[in-house]
Structures are given as C-alpha cells and as structure tokens.
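The structure under discussion appears below in the form of structure tokens.
We just call them A, B, C and D in the order they show up, numbering each chain from 1.
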Amino acid sequence: MKKFVNDPENFVDEMLDGIYRAHPEVTHAGDDLRCFVRSKQVPGKVGLVTGGGSGHLPLFLGYVGENMLDGAGVGGVFQSPSSEQILEVTRHVDQGAGVLYLYGNYTGDLMNFDMAGELADLEGIKTATVVGRDDVASSVPGEEHKRRGVAGIFFLYKAAGAAAARMMPLEEVARIAEKASARTRTIGVALSPCIVPEVGKPGFEIGENEMEIGMGIHGEPGISRDALAPADEVVDRMIERILAEQDYTQDKEVAVLVNGLGATPLEELYILYRRTAQRLEAAGAQIRHTFIGEFATSMEMAGASISVLQLDSELEPLIAAGGDTPFFKKLAN
Amino acid sequence: MKKFVNDPENFVDEMLDGIYRAHPEVTHAGDDLRCFVRSKQVPGKVGLVTGGGSGHLPLFLGYVGENMLDGAGVGGVFQSPSSEQILEVTRHVDQGAGVLYLYGNYTGDLMNFDMAGELADLEGIKTATVVGRDDVASSVPGEEHKRRGVAGIFFLYKAAGAAAARMMPLEEVARIAEKASARTRTIGVALSPCIVPEVGKPGFEIGENEMEIGMGIHGEPGISRDALAPADEVVDRMIERILAEQDYTQDKEVAVLVNGLGATPLEELYILYRRTAQRLEAAGAQIRHTFIGEFATSMEMAGASISVLQLDSELEPLIAAGGDTPFFKKLAN
Amino acid sequence: MQGFGTDEIAALFARLADVFAAEKEALIALDGKVGDSDLGLTMAKGFGAAHDAVAAMETPTPEAQLKTAGAALARAAPSTMGTLMATGLLRGSAAVSGAERLETAEMAAFWSAFRDGVAHRGRAQVGDKTVLDVLHPIAETMQAQAREGASLDAALDRARVAAEQALEDTKDLVAQHGKAAAFQEKTRGIQDAGSTVAVILIRTMAECAAD
Amino acid sequence: MQGFGTDEIAALFARLADVFAAEKEALIALDGKVGDSDLGLTMAKGFGAAHDAVAAMETPTPEAQLKTAGAALARAAPSTMGTLMATGLLRGSAAVSGAERLETAEMAAFWSAFRDGVAHRGRAQVGDKTVLDVLHPIAETMQAQAREGASLDAALDRARVAAEQALEDTKDLVAQHGKAAAFQEKTRGIQDAGSTVAVILIRTMAECAAD
C-alpha cells in the first residue's frame, strides 16, 4: 500500500486535524472531529447537512461553506457517519428554519440519516431529506430510486446551497434539491482500483489494459468491462447512457461536470471534456456551466465521471451563483 | 499505458481545445493553440508570461488569469515551448509596460525564453526574467542558482501577479518576483513514476515499497531512496531540508503549499499538512497562508511536495490578495 | 443453563468480540465478493466496542447491557450491518425490559424484536438476500420453541440449525439491497455476507448457553 | 565529392530524418539513464520537421536551407538539444552566407559557428559533459583539415573519428548541466546523450560525402 499514512486507524481523524488547522472557516461541533460544521452559521437560514464515508475528498465535507452546505457527518473511509454524529451536526446547524439532509443513496447512509432525523424530530428540529441518485449505471430506468449517488450530488449542493442562502424555506429548498436530483445524470469509468487504508490492499482488480464503465465510487461493479479504448470512444460509450435519459428539445441548457476519481491527470479530464462538449452540442444541448476537476474521488482510483444537469430557469441562476468553501470556490456569474 | 488519450501526438492540443471550450476567459494568440493568453489584457499593466512543458496542470497555464499571469507558452509534455511561441505570447500581452518572464530553471526553457527575449528586444518590447529555483533537493546551498523550479513557483506567480495588478512598473514586479523566488523552498517525495503519453511507459521505476525524497517533477533523481515510512516521518525527513535554510527568528510568517503530484489523494495531503504545520510551528514559524491541493503535478505520479515561502511585510499582502483563473481561485483576505 | 443473566451476557459479548476478531479476514473476503470488503472491519470494530462498553458497566441489567452494546455498535460501526445490528440490539433490549434473566421466552421476544427492528430500519423483505433471511427463521424458531416450552440451550441450538440452513439458502437468492445489489445475477451462488454475521451471532449465543 | 550543394544538403537532411527515426528508441533509452527519455522523440521529430521544411523549399541556397532547417527544428523540438541544434544550424547558416557549395573551408566555418552558437546559448564549458564536448573537436578538426587543404570527404571522416573518440571520452566526465546534472557522480561511466547526437550528425554528413 503506497500511501502517506501513519496508523491507518487514524487516517480520517488526522486528515480532519489537517483540515481544521488549514481552514479556520470550518470547525467541529462538540468534541468529535467528525461532526464537521461551518465556524459561523447564518441565523434563520435552512441548514444543509450532508455526510458519508471518507475517501472521496472534496466530497463530502469539502462543500461546507458559504452559499453551499452548513455541516457534514464524516464517516470512516467508505463508511457512513453514525446517527449520533449526524444528530450532533443537525443540532449545531439548525437555526430554527429546519435542516435538509442531502446525501448519496447508500444503505448505510440512509439508515443513519433516517435515525438522526427521527431523533432530531423528537428534539423539535424539522428535517427533510433529498438523496443523490445520479449514477445511471446503477439501475435501469424505472428503478431510478435505487440508483447510487455519485459526483452529480455536487449539483444538488450547488442548487440547494444557493437557494438556502437566499433564505428560502425548508420545503422550497428541498423541492429545488429534489428537482436538481431528478435532472442530474452521471456515468463513470474506472481504470484502477483504490485502497482502503485499514484494508491495505485493493478491493478488486482491473486488468492492465481494461476499463470498467459504470463502476461505483467504492468499486461497485459497472455495466461493462472492456479493453481501454481511445478517449473519444470512451466518452462516446459513456455519454450515450446520459443522452438516452435526457431530451434537449425543450430545456437545452445544461451544466456539465467532468470529475476525476483521484489519479487521473487533469490534462486527461480536459481531453474527456472536449469530446463530451462535442457530443452534447451535437445532441442539441447548450453548455451553460462547466466544472472540471476532482469533485468526488475514490482515493487513488484512476478514472473519471461525466455528470450532466439539465437546467431550467429556476436552477440556472442557482448553479451560476458563487460559492466559497475551503475546497470549492466559484465567483458568481 | 492507462490513460484517457486519443493519438498521443494530439495530447496537448486536445487538452488545450478542451480548456478553451470550457473557459472563455482564456484564448490563444494567433492560430497556435499553444500561445495561451487571457482573453482580455489590462491596458498599461506589466505583462507576466510563463511557460514550460505540459503534464503539470494546473502548472503552467492554469495561473493565467486575474491578479495572476497574462500568458503562457505551452510546450509538449515535459518539453519547453519554442522561442517563437513565447515571442508570440509576449507580443500579445505586452501593453507598453514590458513583460516579465517567470518560469522554472530548466535548460530548455532558459534557452527558449532567452531567445524570445532577445527577439522581443529587437521589436522594442522590454522583458525581464525571474526563474523559479525552489527545489532544495536539486543543488546544495551555495549553488542555489542551479536549482530546479517546482511547485513553489506558484508563490512567484501570486506575488508578481498581485504586484503587476497594482500597476507597479516592470522593475518593481521583477524585484518582488525575485524576492519571492529567493525566499521560497520546496522539497518533494515521489512514490510512483509517470508516463509521457508519446513514450507510453514509465521513465523509471520505484519499488513497491519505496519512496524517493527529492525527486524532480520529470523524474529527476532525488537525494535518497528508502522504504516508505509513516507519513509523519516522511514529512520530518523532508521538512528538515527546508528548516535548515530558513530562519524564523526575524521573519516568522510563512505561506505553506502542500502540493499533490497527481495520484495522491487529497486526504493524504492533509495528513502531510498536519505534520508540516506541527513542525513549522515548533520551529518558530507562524503559518499565515495555506494552500493544499494539486498545484504542480507530474501527470499521474503519486507523491507530494512541501513549499514554504518566508514572508515579509511586502510579500504578505501580495500572497493574501485574491486571484481568479480557470484553475485557481482565491478570495482576497 | 439458567438463562442469560448479566454475567452470561457480559461473557457473550466478550466471546463475540473474540469471534468477530477471528472472523475478520473471512468476512472481508466474503463481503469483497459482491460488496466493499468492509464487513470484517466493521464487525470486529463494532463488537469490540460493544464488548468494551458492556465490560465497563457498573450496575448492569440485561436490558441495559443490550442497549449499551447496541449504542456502542452504532457509534463504532455505522455501516449497513453495524447500524442494523445496533438497531436489533436496541429493539431487543426494549423487548426484555425488566427481565433479570433471559430464558427461552425472553430470548424469543429479544430475537423477534431484533428482527423487526432490522426489517423496519433496512426496509428489506424476507427473500431479498439480506441478514433478514437468517434473522427471520431465528425469530420464528425461537418463538416456536418458546411455545413448546423448550429449554434455552435446546431452543438456541434449534435456532442455530435453522439459521445455518437459511444461510445456505441465501445462495439461491439475488441481492436486492446495498452494494451487492449492483451485482444482480452474479450474487446467485454466493452466500450473503450479512446473513453470515447473523449465523455467527446465534451460534455464539448457542455455544455460550451450552457451556 | 564536389562539396555540399543544395542537392547534397537536401539529401543530407533526408538522411538525417531517417537516421534519427531509426535511432529513436536508442536515444530514448540513452537519455533515460540520466535524463528524461525524450531525446529520441525530440530528435526524430525535429529532424523530421527540418527535412520536410528543406524538401519544401523552391529556390534553395545552402545558407537558406540550413536556416530553414534550424528554424523548423526550433519550432518542432524546443527541448534542450532541439534548441541547441537549431541554434547551431542558424549560426552555421550565417557562417556560410553566399556560398553555393560547401567545401572543406566552408564546412569548417559552419562547424565553428555551430559550436560557438551552442556554447553561447547553453553557457556550458568544454568538459561539462555536454554536446559541446563533441562539437568542439569536430570544429577544431575541421579547421585543422581546412588549413591543411584536405578534401571534404577526408576532412569529414577525420572529424567523425575525432567525434567518436570524444564521445567515448564523455564517459569519464560528470554532467554539470540539464537534467543529467542531478545524477552527479552517477553520470560517470555513461556516454553523454547529447554528444551521441552530435556524432550522428557528423557521421551522417561524412557518409553523405563518401557516397
């Protein structure tokens, strides 16, 4: 295992210690480093809370900041945070306007957020839940509710974050997040596995010349394993899955996210973006916003994902809005 | 070779095509995609031009933008841009106040920037040159002029960029860049090699359990190859080299950059930062500005570098200033 | 045996901590087939924490021990199975409220509540190839044994047999939940990882009772 | 032979393009020992471009051909060696200004200017284990041969011999410049990559002259 780690058991907490040292605009609620919150909450604003396993930086905690989220429950590597931690974060960020839970559609997270929500309810804190379920490879059309949440959840954060910053009420923020969720599609491709520090070796293998389209961000199996093709062909095979589920005759404008899974150089992401843009434009879409880089990783996995959010007049200005977190900065445009 | 590429010969130009599609705030001077410039130049401002080989994104072109640089000559992977390309960029960004060349201390770049400067001079464009030479592993003290430029050049961009944006004259901007250069130290560690697309295989090997401290960003040999140690120990061995060359009794404030070389997860960079901060503070330094992430990569190389800029009252506000490029955004603070 | 009192429950969690530490690699490998390889880690960590918490109690009752164990598990291992096992223990604890010793009837109530908690929290159905497929026959067997007035060690042993059979039967099922669901038909022929944990639980309990 | 006229120079660049294409892997391997493995790529690309540019000229003179080749090389391969070889060609071109055929005297002037250009641009000294260590004896030998009134093919062959010896001698030196400098003492025993390119140049030129 070629990693910069000390005791693998301390991986997450030492990482958090580093983050808190570097970024005074975030802190932890109470003693538990894993209850990650903004240092200053905005009075009266709906609180946005996410959470999930570690190993995906900047996901999840990296989106806690201005115009984005207010807190995150930080789990172990690829592990859900506990309901207790989520509850602690919930208490901290609630400013009387209620709290929206925004996280990826994984069993462990679902159960722990549900439990936290039930406990928060007993304490008089109103919560609502919207899950990211953008990974088209993880269930067939018609079974969208079973899909995993991957990089596209960034769009939910962006839209809901900007909506909450405009002081919209919980129901509205939840409706907007839900709309963004319903209109986001992602497809990924992996070229290499990743290593959970406490396990110390790759959880699966990909042959020297193979790629797996649709692989999940924890190494969940995808829809095809083939010989690695030229970049344009890889994009072509991926984007088909998205184009099949989005129709640009009415709402033409889209936001695109080309995300690196960890080890893939930024140069290659731009090569993938080039073809993605060509294909989307050929399909009648107009690219209004572009995000390229590492937004949701799987440790040192090589690979990438493409996410497309189909905009409408309500979502567009929310995606255009600025954002400022230690890991994500966008000027308003 | 596990890469998202089409014809490796087109690697750089397809990457640039992707970048221009995604970011309308940058463009190319003339027909050559590799003459990278801001879409809007600032009248009367000193032009800042960098350049160097591709394969290091966001270095070099990623720092072209507001409060930073004005243009970059884009070379092939790990290759200098040509003097002709640098000259073309120089002509485009010159706004009558002259042009400062800011690049890394490598033979190929030195020769091509020198040639471009000589040609620009014939055309009546005043140029000055400051090179980044921050890699402490690449020459012993006393031979600093021979050192390679690596991630620490970011501090030169930041300081000179903010100075030029304040409409300082060429001599002043060059003086400030030179000061930042003289006060910046970097040390790197590599865990794995990288692959130049046109070569198709790694240029060197690092054993499964080895690390090389001081390796250059093109795989130049470092100062020691040892068994991979725990993260804190790796930092300890690296930071010694920097501490030996900086004395914090007078100027205590520093800016720190923990840079990922490509494949190393952000989580691990924060673990490295944690120890770096501990050690710097123990040595009497006060960390005033922190930058953590991928600032200067070597394709898919696993590894990291630590850079420390020792601030003074002139440099501090320039590092604190905001910056806005497609690849780097910082709000003023 | 005279049922599970506080000593026996403390001993049970000590033993579970050992067993899950010993089974760590096997569970990692099993979960790795159609999952994310974490089950060995989470169960070892979770039951280790449960044991530590129970061992540290000063004036325990069975109800409090089970609750403490569940809470510790939820905190230490908030994975799917960690959370489900924690939920089971918390619900089971409530079902034996006030009891000083858990005899067959109380143990049957415990397992029924355990199963119901898991079913509620996980929203899975019997047959979905989850831990529920083993918890359900355990609960049903225990209820039947209680109705028949069986001794605790006999009842637990019958439940263990039923659980082992049910585990074997999970091989024929196709996973509908969690990370395994992505593997669809490929999960056929593979024994469910979470169900394996349930078998370890009932087997260890039966062994404690037999000692 | 009657010296290098425009046809011979065109043929020389055609041959150099072939030779560097053929030597690509060998130069990659050589540069890889204490460098970044790019030399084979840059020389193949650079001399390929030089050949294309020269072949496309309509009314060439030797001076113009050498200048065109140098400019094409600078554009196509702006690496250390690409830039140095381009500088050498450009300076060498200026040194034969007006000549219709390059005889021994002109060729000696060409190589002296070539060497001086490389020395100026690269700021290296003879003995620093660079291409200069081969260019210098080439230039000196050509000058001596010209003084002695040697024929061009004899002069070039003597220069080739001197170059090959000088290349062998680079093994004893320690690199002071470029990427190799980082390897310090480890460069001892290894033949300098750039110097190998200079030997290929003079050897190919000598072969053209002998044909």
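Throughout what follows, a contact is a pair of C-beta atoms (placed from the backbone, for glycine too) under 8 Å apart; a residue touches a chain by one contact, two chains touch by 3 or more.
The UniProt protein names, listed by chain, are A, B = Putative dihydroxyacetone kinase, dihydroxyacetone binding subunit; C, D = Putative dihydroxyacetone kinase, ADP-binding subunit.
Computed from a prediction, not measured in an experiment: that's the story for all the values here.
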Chains contacting each of chain A and chain B, listed by label: none
Required minimum of steps from chain A to chain D, each step between chains that touch: 2
Far-end chain from chain A, centres as C-alpha averages: D
Distance from chain D to chain C - Cα centre to Cα centre, in angstrom: 78
Chain A-chain C separation of Cα centroids, rounded to whole Å: 33
Centroid spacing, where centroids are CA-atom means, of chain B and chain C in whole angstrom: 55
Contacts with two or more other chains, residues of chain B listed in rising order: none
Residue numbers of chain C (touch at least two other chains): none
Topology of the chain contact graph, where touching chains are joined (line, ring, star, complete, other): line
Inter-chain touch pairs (all): A-B, A-C, B-D
Chain C contact footprint on chain A (complex, rising order): 75, 78-85, 106-108, 111-112, 114-115, 138, 146, 148, 196, 198-199, 203-204, 216, 218-221
Residue ranges of chain C in contact with chain A within the complex: 28, 32, 34, 36-38, 41-42, 74-75, 77-80, 82-84, 87, 121-122, 177-179, 181-183, 186
In the complex, chain B residues that touch chain A: 2-7, 11, 14-19, 21-23, 54-55, 57-58, 191-192, 208-209, 228, 230-232, 234, 262-274, 277, 290, 292, 294, 297, 299-300, 302, 304, 324, 327, 329-331
